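Both complexes shown next keep subunit A, but they swap its partner, so subunit B is in the first and subunit C is in the second.
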Partner chain A sequence: MATDTVPTDEPATGGNGRGRVILRRFRRHKLGVAGLAVLVLLALVAVVVPLVWPYGHGEITPDLSQPPSAAHPMGTDTLGRDLFAQTLRGLQQSLLIATTVTVVACLIGVTLGVIAGYFGRFVDAAVMRLVDLTLTLPTIAIAAFLGSVVPTGGVNWLALSLVLGVLMWTPVSRLVRGIVLSLRSLPFVDAARVMGAGNLQIMTRHLIPNVADHIIVAATLLFGTAILAESGLSFLGFGVQPPDTSLGLLVSNAQSAVLTRPWLFYFPGLLIVVIVLAVNYAGEGLRDAANPKAALANPLRTARRRRDADTPPDDTPRGVLDVRGLTVDFGDQRVVKGVDLHIDDGEVLALVGESGSGKSVTALSVVGLLPPDAVGGGSVRFDGRELTGLNFSQWREYRGRRIAVILQDPSTTLNPVLTIATQFKDSMRLAGPLPADHRDRIVALLDGVAIKDPARLLDSYPHQLSGGMRQRIAIALAMVHDPDLIIADEPTTALDVTVQAQVMSTLALARERTGAAMLFITHDLSLVAGIADQVAVMRAGEVVEHADVDTVFYRPRHEYTRSLLALAPSLALAPASRSAAADIEEDS
Partner chain B sequence: MAWMILRRMLSAVGVLLLASIVIFVVIAVSGDPLADLRDRQPPVPPSVIQAEEQRLGLDLPLHERYLNWVGGLFQGDLGPSTIATRDIGAELTDRIGVTLRLVVVAVVIALILALIAGTVSGLRQRRFPDLVLTPMTFVMLALPSFWMAVLFKQWGIYFNEQVGASVFATVGANSVPPPQGFVPFLLDSAAHLVLPTLVLILVHFAAWSRYQRTAIAESLAGDHVRFAVLKGLSRGRVVRSYVVRPALVPIITVVALDLPVLLSGAVITETVFQWRGMGGFLLESINLRDGNAVLAWLLIAAFAVVVFNLIADLLYAIVDPRVRYGN
Partner chain C sequence: MSEPLLRTVDLVKHYRPPRRARRGGHEVVHALCGVSVQVAPGRTLGIVGESGSGKTTLLRTLLGLERATAGTVEFAGRDVTAMRGDAGRMFRADVSVVFQDPYTSLDPRMTVSDLLSQPARIQRRRFPASRVSELLDQVRLPRVSAGKFPHEFSGGQRQRIAIARALALEPRLIVLDEPVSALDVSVQAEIVTLLRELQEQRDVSYLFVAHDLAVVADLSHEVGVMYGGQMVEHGATSRVLSEPAHPYTRALLAAVPVPDPRIERAKPPFLRPLWPTEDDRPEPCPHGNLL
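Up next is the complex of A and B:
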């Protein structure tokens, strides 16, 4: 197809490659593999064993109510039927029906989900109403009613599967719709459209392959639900009918035999439990393989540290921050390779580098928040005291009060369910009980970051404010305790260019007023000139150049610094000036 | 806020109206309620069948039947039953209370337990309580409710036999006749409630605590938690206001969406424990081919689901200001 030659970043790279990656990840998920193995084994048993087993599921033997024995491994029922043969039949029925239900539900769910997500608007609204409608109907009631109206002779397995499938497609369609909704505005869809692909072609060739892994996960979990639904219906007498049998029916027949002939009750019941457990573990394994969550961060836990035999000498020049030989390892990969940084009182150090150079991980190590799968090493000294190895409560003496941090994305750093005033009060309480005039103090802080009419937004929630406003509030929060060191990790990257300049000057102004030192992390050299005294350039986990700002800009020594400078638009080198308070405009 | 409630209510009424049409049509076209009467031997005189058709309104076209039925609903008439002596409305009102007792107690307990277990599991992932709770919930998710119900009932009977006293009541929602006086009645109800609610609680506890665990894990990894830690807040404050509170939003939807499943579960539990509740009513009506009774049941179920979703929306607005201010 023509689109193959267009360099669009389609998330699913050629189906096969991604499939193989998922498969490799899945193989590492032991419980998932075990679940899948059990399922395959059961399916094989359901197909093969009945062919060779001496008894049929309806066959009446002379052995009445026998406990399990060599001839009847699961015993016999009151009529003398072999329970093992009946259970095998039930297993066949359950797997067959659940598979059909899953296929039917996925067909409906994927079709409607893709259509709703792709077309949006009215189509989407109509499909979602249909989902609402289906969700108001208790599956078992509708299925039971429809099952009962089929003429005598029992419900045909296909009819039962269709009914259940028609009632169970909603989770699939919701999932698919959500993903398609986020995919359809991506460049590769536009590119396909420009290349002349029709709606149908885009949906089938570009969108469905991209949700395939999610569909497989959803289908697996649906399969488990279908097994439970089918056996529940059969238990109530509205599913599979005698003389045929199913696991639910077997349990139903054994209701009064739990204490007298327990084998009749436990074998079919436990088989259902085993099937569903295996399905759920396989589904969990597939889900983890399809969307691996790199060990979710937990800032409440302290990361592991490498034991260093050689503590750095004590003759280190005493500055606000002194980092010596900092290393960070993820597994056997070292992403920060012995970084040294030094910041004097009131000085601004810009840490510059492209994404993946290790600058953000360096910043996280300085504040003790490495992700759980990282191992840190080296020394971080703040005002002459070693910070590495502190526990949570020891860290609290520094965090917020002496070291303040401003994070990259203002849309996620503030707590969405607390008002602005509450978030300030949380910080202010660190220094003791709230003073009576705390609201005035918050207003003053907000005033300090050039927010007009601050009293008005004390009781607002973050989502009511623009990105630039939120970042200013984050800056004001950092200033609550007049910190000695501010660490700003790409504080303007997530903002619009016009807002960037305003937030930069706000930050510069606020820092100047408190006289705090600052570690300013950015990939954008053009932001550095106006704010930094010193610049450290980082590449591939190493600091390649560490000098004052003029040297870096006019006499760069390292090749890499030169190439970074060449990339920075020369216009922007006249940056957010340090005393640019005049052109700060409220951006909301 | 008021506008939002009004909008949600209008949409709820719309869904309900649509649901009523769909279930009416499905029930009307799927089978003849008089099939038994027609097949009877010796044959019933045609005049009797005709009179019966007239009484049930089967001789009218479908849309007229629907309008008559809806019109009747507004006057509190749920339509004629195939059994001439059966009053659908009166019987249902008796039984709703029984089912409600079961479902409400189960939902409340399951939700509280799931919130606690899910939160602890999410905060201590892959460490002590989570290492036990997670496999436990997986097993619970795989237990079919009907199997559990039978198992608990029989164990209850066995326990009673061993002790020689009926500690667990395994039949019905109350003793027959119910004991006099408030306190004995309450104790009697509780004895009957324990086992059936336990089944429903286990089924839903497992699913809900999984959701809560995921919500907590995601909240914990969020930037706002990292920011709160960097602000120097205490561990307790971070957990309470920055991890748990934002994570309470998803579980509300999950519980509201699970209500139909709960009602289905109640059908099974009531059947096993022989409660005369909504579940039994549904199964009897299906066996009697009593279309209007099934309709009434489905309508009440749909109504309950819609109301629950509305309550969920309101709770949402209380927990999450983003919803409250119509974002």
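Up next is the complex of A and C:
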């Protein structure tokens, strides 16, 4: 019983559980912990060591321009000041200023960004103009101006931080606004509103936690910029002034002495690098900890691999597609466990299974598009030729030309910035120069998927069309090279029932015209009753039943197939739909 | 029939497109054209229609996510159209919602126990810790789920979490917006069964919206069919299924795939929409432009 994860206080709050989860996740991020440790250590050193160090940061000793020695571990400058003492003072000032600038900039940026993104319209326009206005302010000129009016001796750190913070909040607010704009239309925000949550509650409980990881990244970048900006301003006379000092000021003062007294430059410079790196790693750790979905593993580390195929006996009947002993592993988890599939010329095989059954991964292996962390095994033969182990250019001969793929979501498979005609032309160019009559060919292809008045569509963009229309165009695109095999992966899942019926009819029509074979992948057994010749039912990585369509529907052998049939949402009063179908037949 | 729990009277929602689009010749959008529905206590009203039929606008308007252009929403005999005052507050606690996509309707940064206590927190109600386990039991999720995040669950399990959250304050009405469309067929059946059992146990009313008549029919006592912002057919489920009066209802019925190869092969190709046809179009909005 998870009593420790159930909130124990009343009325309920969830803050404690969440904080603990973040802490636990952060502890697993080694670099992040190391970065944070370095930062804490530096802050402690900056506070404690000056109290015991024998030299003050402005104290002039008789040792002029000494290289590092036991008495002066970082050497001394031309006036004989101990560089270690100066660096400690610089560390104090830089950490204090950079932290304050980051906090001020993030406070302004996040508040205005969330408000602009959440309310939109006039509020958004006003905030964005304020951003534009702030961006037009020339930082250097303002600093120079302020530097000329402040009393000698510089300004205190707080005033400096406020000025920098007020000049540097704009990237944060733009970032936050952009993310909030996309978040506010998500159903979980609507759900909170239906529960009666007010605007403030939605912004603080839902929006800010969801942009937190982006804010952390922005803040780490800001921190580094703030250290450098402070040194620039101090150099111009606004900000930290000698004899007081900061890391940035130490580095810029040492620039002329890099060759003669390099220690003056290297020690503070190195410290800036260490601080910025530590902040970045700590920020990365916090970001990953705040985002429960972030993967801790580097996705690029694993390369695409495959297991050597056990050479299958060569007595296989040819057919368009013959899959033998296909396996796919993700790490040590085997998701496809030795699948055999066979499709004859012009035949339709329906591969039916629930999500997680391995059906989509099986289809992707047929076209060699496994995700990078998967390891494939077994044999895939297309028209008698082994496809496994082909390289990219060898694949190009098959993909899109002899094997066409239609994917689930037509709104993401068509390129949104190209017109329909351009997408057809790009596909046609794969086979060589564009034929002179290409426009007529495109019209003919669109006509083949029962699109009315296709010429009118050629110059439209995908977003101007409905989902059903887009999917029909995707089908027409798949037909450009007259493929031998069409792989359709849940092509109607995102569509309304009536549109689904139209797309299914279109697919059947297009397939009959070209005589292509088809591998149709779906979770809905009833959908394939009318189109399939063969049905393979997949469950947990294995094909549990593979037979012709009538056998599967009328005499299913496997219990799982029977349960799928029983669960299919068909109308309790099937005669009604039957008579409706009959009505339509009469009408047409 | 007893006093309806929820009633909309002639609900109208017209959208004015942004000024730029208006110059391009886009007229006012008639998303809802006088829709009146009633949900009786402990009963289910199913609303079917395709994208753009206005079914989602109907939900959003009666939940107060959109402001109605005209018409009223009554809950338990009180006008809640404006969602203000005591009536509005009561409505918020008595009505909850389950959205279509369980991947985006749960805040990804909240644990399950945060999510389940969220309605109580917002309504400032007492929410004993034991209630989380109770809710998880009701939707048949293991109690250890409480400390996990939504992404650690499958689609069907997430929808169970969303249902548990909808049950948290013991509402009298749950609005179900395509609750199973994003799920596998086998999982759909499990969720529908769960919803039916919960209704029998708790006597809660459902307003169930979907594009698939077969899914709605399973759970609904009454069905309304929407097209173009209007209710084109309305009646008891068995009557609508056996004697569909409107051509659009007939088209919807014919489009549902049947798990029987002989019937499916005999169906004529469905290459053009069966309704509306050239000479049989839906009526324009009877309310004209209210903007």
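Please note the rule applied: the second predicted complex is superposed on the first by the 443 of 588 C-alpha atoms of A that agree within 3 Å, B and C clash if a C-alpha of one lies under 4 Å from a C-alpha of the other, contacts with A are read in each partner's own complex, and residues count from 1 in each chain.
Assume contacts are C-beta pairs under 8 Å (C-beta built on N, C-alpha and C of every residue); 3 or more make two chains touch, one makes a residue touch a chain.
None of these values were measured; they are calculated from a predicted model.
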item: First, second, both or neither for A:42, with subunit B first and subunit C second; value: neither
item: Touching partner for A:427 - first (subunit B), second (subunit C), both, neither; value: first
item: Which superposed partner A:216 touches (first subunit B, second subunit C, both, neither); value: neither
item: First, second, both or neither for A:186, with subunit B first and subunit C second; value: second
item: Which superposed partner A:162 touches (first subunit B, second subunit C, both, neither); value: neither
item: First, second, both or neither for A:450, with subunit B first and subunit C second; value: second
item: Subunit B versus subunit C as contact partner of A:129, first or second or both or neither; value: first
item: Partner chain in contact with A:525 - subunit B first, subunit C second, else both or neither; value: second
item: First, second, both or neither for A:458, with subunit B first and subunit C second; value: neither
item: In the complex, subunit C residues that touch subunit A; value: 50-51, 60, 63-65, 89, 92-93, 95-97, 99-101, 104-111, 113-114, 117-130, 132-133, 143-147, 149, 151, 154-155, 165, 184-189, 192, 211-215, 217-218, 238, 241-244, 250-261, 263-274
item: In the complex, subunit A residues that touch subunit C; value: 1-2, 4-8, 10-14, 17-18, 21, 186-188, 190-197, 201, 206, 209-210, 212, 290-293, 354-356, 450, 452, 467, 496-502, 504-506, 508-509, 523-527, 529-532, 549-550, 553-554, 563-565, 567-578, 580-581, 583-585, 588
item: Subunit A-facing residues of subunit B, complex; value: 14-16, 18-19, 22-23, 26-27, 30-31, 123, 125, 138-139, 141-147, 150-151, 154-155, 157-158, 217-218, 220-235, 237-239, 241-242, 245-246, 257, 260-261, 263-264, 267-268, 271-272, 282-283, 286-287, 289, 294, 297-298, 301-302, 305-306, 319-322, 325, 327
item: Footprint of subunit B on subunit A - complex, ascending; value: 129, 132-133, 135-142, 144-146, 148-149, 224, 228, 231-232, 235-236, 238, 248, 251-252, 254-255, 258-259, 265, 269, 272-277, 280-281, 284, 296-300, 367, 369, 392-393, 395-396, 398-401, 404-405, 407, 409, 412-419, 426-427, 430, 461, 463-464, 474, 477
